[in-house]
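Same chain, two partners: subunit A is paired with subunit B first, then with subunit C.
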Partner chain A sequence: MTLPSATLLAQAVLSGVFIGALYGLLGLGLSLSWGMLRQINLAHFALAFLGAYLTHHLTSVAHWDPLATLLLIVPGFFAFGALLHWVFARFAITPFNSLLVTFGLTVIIESAIQWIWTADPRMLDSAYGHVKFKLGALYVPLPELLTLAFATTLSTATWAALRFTDLGRAMRAAAEDAPTAAAFGVDERRLSLLLSGVSAAFAGVAGLCLALSFTLAPSQVYAWIGVVFAAVMIGGLGNPLGPLVAGIVIGVSESLTMAITAPAWAPLVSFSLLIAVLLARAEKI
Partner chain B sequence: MNVAPTMKAAPRFAASLAATVLGLGIAASPALAAPSGPPIRIGSTLSLTGPLSGTAIIHRIAGEIYVEQLNKKDGLLGRPVEWIVKDDQSKPDLTRTLYEQLITVDKVDLVIGPYATPNIVSAMGVAQRYNKMLVHHTMGIPSLAKYEMQFPAWSVGANPETTVPNTVLDALATLPRPPKTIAIVTSKFPSVYLMSKGAQEVAKKRGLAEVLFLEWEFGNRDYGPIANRVKDAKPEFVWVGAIGLEGNQLLDAMKKIDYLPPLHFYMYPAPGPLAKLPEASNALAASIFEQHPPFTNNPVAAEFVRLYNDRAAKAGLADNSVETQAAASYSTWQVLEAAITATKSLDDKAMSDWLKKNQVDTIQGRLRFDRTNNYGDDLMRVKQVQKGQWVTVWPKEWAAPGAKILGQ
Partner chain C sequence: MATLHFPARAAIAGVGIALAAVPLLKLPAFYESFLYLVFHWIVLATSWNILSGYSGYFSFGHGAFFGVGMYTTATLAGQFGMPFLWTLPVAALVAAAFGIGIGAVVFRVGRLRGELFALITLAVTFVVATVVLNTPLDGGQGVNLGGVRLPSIMASPSSTLYVLALALALLTVWIAYEIFHARLGTGLFAIHDDEDVAEVLGVPTFRYKLAALGVSCALAGVAGAIQAMFVSYVTVGETFSIIVPLNVVLMSVLGGTRHWLGPAVGATVITGLLYAFTAGEYAVAGRAAVGLILVVVILFLPDGVLGRFVRSARSRAGKSARAADPPLPASPPAPVASRPAAPGTATRESDAPGDLLLEVRGVAKSFRGVRALDGVDIDVRRGEILGLVGPNGSGKSTLINVVSGHYRSDGGRIAFDGRDLTGAPAHRIAHAGIARTYQIPRPFAHLSVLDNVVLPAMFGRDLLGRGEAEREALIWLEFTGLATKADDLPDALNLHQRKFLELARALASRPQLLLLDEVLSGLTPSEIDGAIHTIRAIRDRGATIVFVEHVMRAVMELTDRIVVLDQGRVIAEGAPADVMGRTEVVTAYLGRPHA
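Right, the complex of A and B next:
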């Protein structure tokens, strides 16, 4: 076996960091809703792809700048996320049932995407896709750098908000013990709507990043579920930084596997890590 | 209808024009009565939803055009034709159930194949159980087609994993500097993987040095490391065992590291999107049909191209040109029609026996079904992206007018 060059290994690490950041960004909203709202929202992935398709459409057809599409997507998805949680609360949907309901919602959203945009795969051709920077011998494409920036900023900002602000403390208190928090004046219902809206908005941002770097096809909704779930569970439910760190660990491991051995082994990496973590700290998940 | 095997393909193709034109003349005759009586019901499934739906719609459009053309003439055996299509949702298990339904509940007269290898294999099992003939159009692994009454309308030959790479390397051998090293990177999608492993063997036999062999799982998201490894290996020719947009994704990853392969071939790409990619300039692929002469010298092919372009554009397809998928689909119906007309019956056994002994002129060329697993000749040609369009470049008799293979 020929040893890969240092440049190849370094580029693989960088590539892993970028894709890991996307895992983390996709996992951020999922981790918050699962860990703090006790809702396993499978529709999060469908929402991300809906965001990706909206980005693609607004950029390709209406000639918007891709980043400008967030002005529409973020508030729209926030409203949708809040509405979704209102429905869950109204009908007292349990965590297990939330998995079933959101699975159904995923199928509906995927079908709607296919109905509107057909099943033809699409790749966004934007100005961002033609820009790359050089770091010595390494290449840093702009779309991937944007993904890393969004993932880092949103994860850190969410962590800081939950840790250092009154709002964040209230959310954590409500998540841990809603009745007791209510006794201290915490409006758990409003905070839950806010958190659900924010999680859905994060899915929209992840959709922008998907559109900038990846091929879009309705069936691809399901391709990300496994690895992002692994990142969320390894990172710890409700921990905003967890999916990012775990995502990067998984991404780098996958990339190095692909650089050194057979790319076909890469999917083993994320699930092997998940199994190892589950065995080591099952009680903490 | 038997034909002397010594006739060369292109002149033979031209020779069939006379019969086709005569046939069109008869068909256009106002003296021809509209089909009447109970319809001949032909059943099939297609992946109208699910991951295969993007390509299955091509087969739907091709089939609808053919059935309409039949019914504008005198149908089949003087009767109108009705095509019953069910949605297999891209699932082989559902395909099996639906073909059972078509035969036992809907009681169709005939069946025709679905899209894609896994679904065709499922349908084939059901056809075998009920002794139904099955003409199909997109079977990528000929060795799996063991049913004696199945007939492939996609002319890849019985051993495409050997013949197609040889055709490609024959084309490359005509370049001023043929490649001496090869990198093979491939998806593990079964029909693609078969061809890539075949290419590996053929390359070795022809003396090319293999500098890299990589496989990835179908559905792979990250092509960065693969692109990096290809760049590191510095091959003179890259065989990309890609299906759908995998080739586009790999080229995109290569663009990000400022790398373009000197010569590159893609096995089953999404042809429209690949041709539009600037990085895909001079990319090669295999094809049984492209919508330019000499293929379109056949008026039947030319008419089909016209109708398909229009219908595909109205259906909102990103690429509305006729190439392998649409041509194989149309050929399937041509084979079925030929068998019905020749035997003057809907008897599956009689039609199968006839097909094994005769050849059928289709828009891709003359098909025969007398070799292993009812496969005949490998009619795959080599096409290349030149100025954003696919043009056939090899063999020379099928090349677009004035086109020749370009190297880097």
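Right, the complex of A and C next:
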């Protein structure tokens, strides 16, 4: 085994940061709904892929600008997320059963995607895909840069909103102890619907980023689950900055693994990290 | 319940014989391969349920154990030429060893339950898949088993696989049935509802979970070994997919995870459904239908089809069976006197009162720097009622928790009946003869009131069999006035009755020492009178009791001796009337007078 050159390693670190940003973006909504609503939304991944396919469709068939698809996807997904939480609240679903229900939902959405868009892999050919910046010896593709920008902006904005606004404080209070918060006049049910809607909308944004940089296939829905869950748990549930930071750590260690050994070994890093985190931090989750 | 054993076992055998004759009918190959798939999923779902359904540790890692079995056979038969049948027991052993290895690590982490356990087992699946893919076990190409010879048990290879899968399915359902009715099953269902309480009542939880996981993995491993020959071309993508955990969870939840036959029913239904959709484009619709069923079942039928049916049926059966029984003697002390005296339930006179039963020396316990117990010495003599009093936060409940093994002490020594129990796991302390009640009752929510009391009788000092334990439990339900509630779920009880259920549970383990943690708090004055009467009845048969209580009237009436705790230390000890008048005790309760 020979060690690759410094440029190659630097490029690997950079692509690790980019993929980590996508982990963080995917993990953001998951972490919020798990940490603050006690709802483990496996369907988050299927939603992201649904968003990615919608972006793909609107861009390649209806010739929209990829970013413009957000105008449709964000409100649509917000409504879906709110509806999902309404159903969960209506049936008083426990955290574990939310995992099962959203597992079923994932399968339904994945089948629908395959039904509409077939199982053939497809790649979006957009104007963004061809733009690359050069940073010294390193290449910085625009789609990846957009992903990083979305991930940092949304994570920081969510963090700031939860920390500095009255709405955010009310949300944190409701997450901590819903009955007590309700006794002090916090409308816990409306806030939960809002939070669930926002989480789903974040999945839509992550979907856009997926469509810009990755080949889409229905079976890919399951490929992201382990690594994103690892990022969410390492980052700490309900902490909006956690998934991004942890995602980048995982992304970099993965791409270094790929650069040094074979690409097929990469899943080992994320899943071993997830197992280690679960064993070490189970008391705190 | 014992009378049900024969028909169920006979039914399993009968169904097996009938299905074994199917290959002789020379039906089109379609039927054999369809039934093979049904058996295959029955094995996977039922084996999954033995750990996950019974104990509530939902695993998403069944695909890993199944895959380990599959690749064991693929490697041994495909690459090393071992005869296929020989690889079956090896696959079982390898899968079981793998599962137990994981369990030995994971089950030590106390809070790794529910969704966290599901995720960690899912992660294990992907780790195994990556390792297999990148090592010569698979090498990324898959393993072709086309050259491996099947033993000619039946005329054709497909009939042979059919018969093997059938035999394994019968074996699996039979094992699930036996575990369900055995001590192991009772313990697992208690773990499902409240693992800490199960351990304190004497269930060796760690060992039981490992045993269930081992059996579950071994069966899944053999299913994988047979499946390797059925598909004859083994790939990582197909083996370690999300399909296995998805289907087994779905089948078991649909059929009912709290019944031994539930997963088999669910497996049959879902396999039929998937098969109906197999052709071409409909496969996608079939998957979507499975997803939809999972959603609908969780929302509307959380107990599963069989679960719901069985619950109502059992409640009816229990009531009528008990109505047919001869009425038990009713007044409290009578049943105790009429039953054969077990060790430790001997009356006062025959025991030498005063010898040391429990010896607590210098026991300390801190929570994040707060010293809840700070070097506590307490002696409990055989046959006495020791009152343990002190203001809130003085360490009374912590002491109970340490003595019963719920918490591990940070220092000091605990000896009971001449044996050292310092740091022993809670179930060993229960076997030694210490029972406790919880201040806030913690009944097993999904077990009937009767089964709540049967459990400690089965796992207490005398490890009674199921039938004997039921008789013992009925005595104590009668004693605490709960006999009419025997078939209800604990939900149906009010606080007063729940406190008495705690008491019945503790007594059914036939303890030498009973730790009562505020059994009277929250009761009305008339309920307290009844409770004092009951505790006196327990005392009259010579039990040794440590009585933690704030209701001073009861303390003064019942106790022989009092120990006063304050801020984790013993500040006074002696006869009740004498101790409660001392200035340091009054100060501890009321504070120092402002001079």
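Basically, the second predicted complex is superposed on the first by the 284 of 285 C-alpha atoms of A that agree within 3 Å, B and C clash if a C-alpha of one lies under 4 Å from a C-alpha of the other, contacts with A are read in each partner's own complex, and residues count from 1 in each chain.
In the analysis below, a contact is a pair of C-beta atoms (placed from the backbone, for glycine too) under 8 Å apart; a residue touches a chain by one contact, two chains touch by 3 or more.
Since this is a predicted model, take the numbers as computed values, not measurements.
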Next item on the list: Put subunit B and subunit C onto subunit A via the superposition and say whether they clash or fit.
Entry: clash
Check: Does the superposition put A:Tyr139 against subunit B (first), subunit C (second), both, or neither?
Finding: first
Check: Of the two partner chains, subunit B (first) and subunit C (second), which one does A:Val101 touch, if any: first, second, both, or neither?
Finding: second
Margin query: By the touch definition at the top of the document, which applies to A:Ile40: first (subunit B), second (subunit C), both, or neither?
Written below: second
Next item on the list: Return first, second, both or neither, reflecting whether A:Leu278 touches subunit B, subunit C, both chains, or no partner chain.
Entry: second
Notebook entry, point to check: Is A:Pro121 touching the first partner subunit B, the second partner subunit C, both, or neither of them?
Noted result: first
Next item on the list: Classify the contacts of A:Gly226 with the two partner chains as first (subunit B alone), second (subunit C alone), both, or neither.
Entry: second
Check: First (subunit B), second (subunit C), both or neither: which does A:Ala262 touch?
Finding: both
Next item on the list: Kindly classify A:Phe214 by the partners it touches after superposition: subunit B alone (first), subunit C alone (second), both, or neither?
Entry: first
Check: In the superposed arrangement, which partner chain does A:Gln11 touch: subunit B (first), subunit C (second), both, or neither?
Finding: first
Margin query: In the overlay, one of 24-32, 186-194, 330-338 or 528-536 from subunit C clashes with subunit B and the rest don't. Which one?
Written below: 24-32
Item checked: Intersection of the subunit A residues that touch subunit B with those that touch subunit C -> 111, 114, 262, 264, 267
Notebook entry, point to check: Can you list the subunit A residues touching subunit B in their complex?
Noted result: 4-5, 7-8, 11-12, 15, 18-19, 111, 114, 118-123, 129, 132, 139, 141, 214-215, 217, 219, 223-224, 251, 254-255, 258-259, 262-264, 266-267
Checklist line | Footprint of subunit C on subunit A - complex, ascending | finding: 40, 87, 91, 93, 95-97, 99-101, 103-108, 110-112, 114-115, 222, 225-226, 229-230, 233, 262, 264-265, 267-268, 271-272, 274-275, 278-279, 282-283, 285
Note to self: Which residues of subunit B touch subunit A once you look at their complex with the stated criterion?
What the structure shows: 49-51, 53-54, 57, 188, 214-217, 219-222, 224-226, 228-229, 232, 244-245, 248-249, 252, 256-258, 270, 273, 316-318
Next item on the list: Would you mind writing out the residues of subunit C in touch with subunit A in their complex?
Entry: 58, 105-106, 109-112, 114-116, 118-120, 122-124, 126-127, 129-131, 133-134, 140, 242, 246, 249-250, 253, 281, 284-285, 287-288, 290-295, 298-299, 302
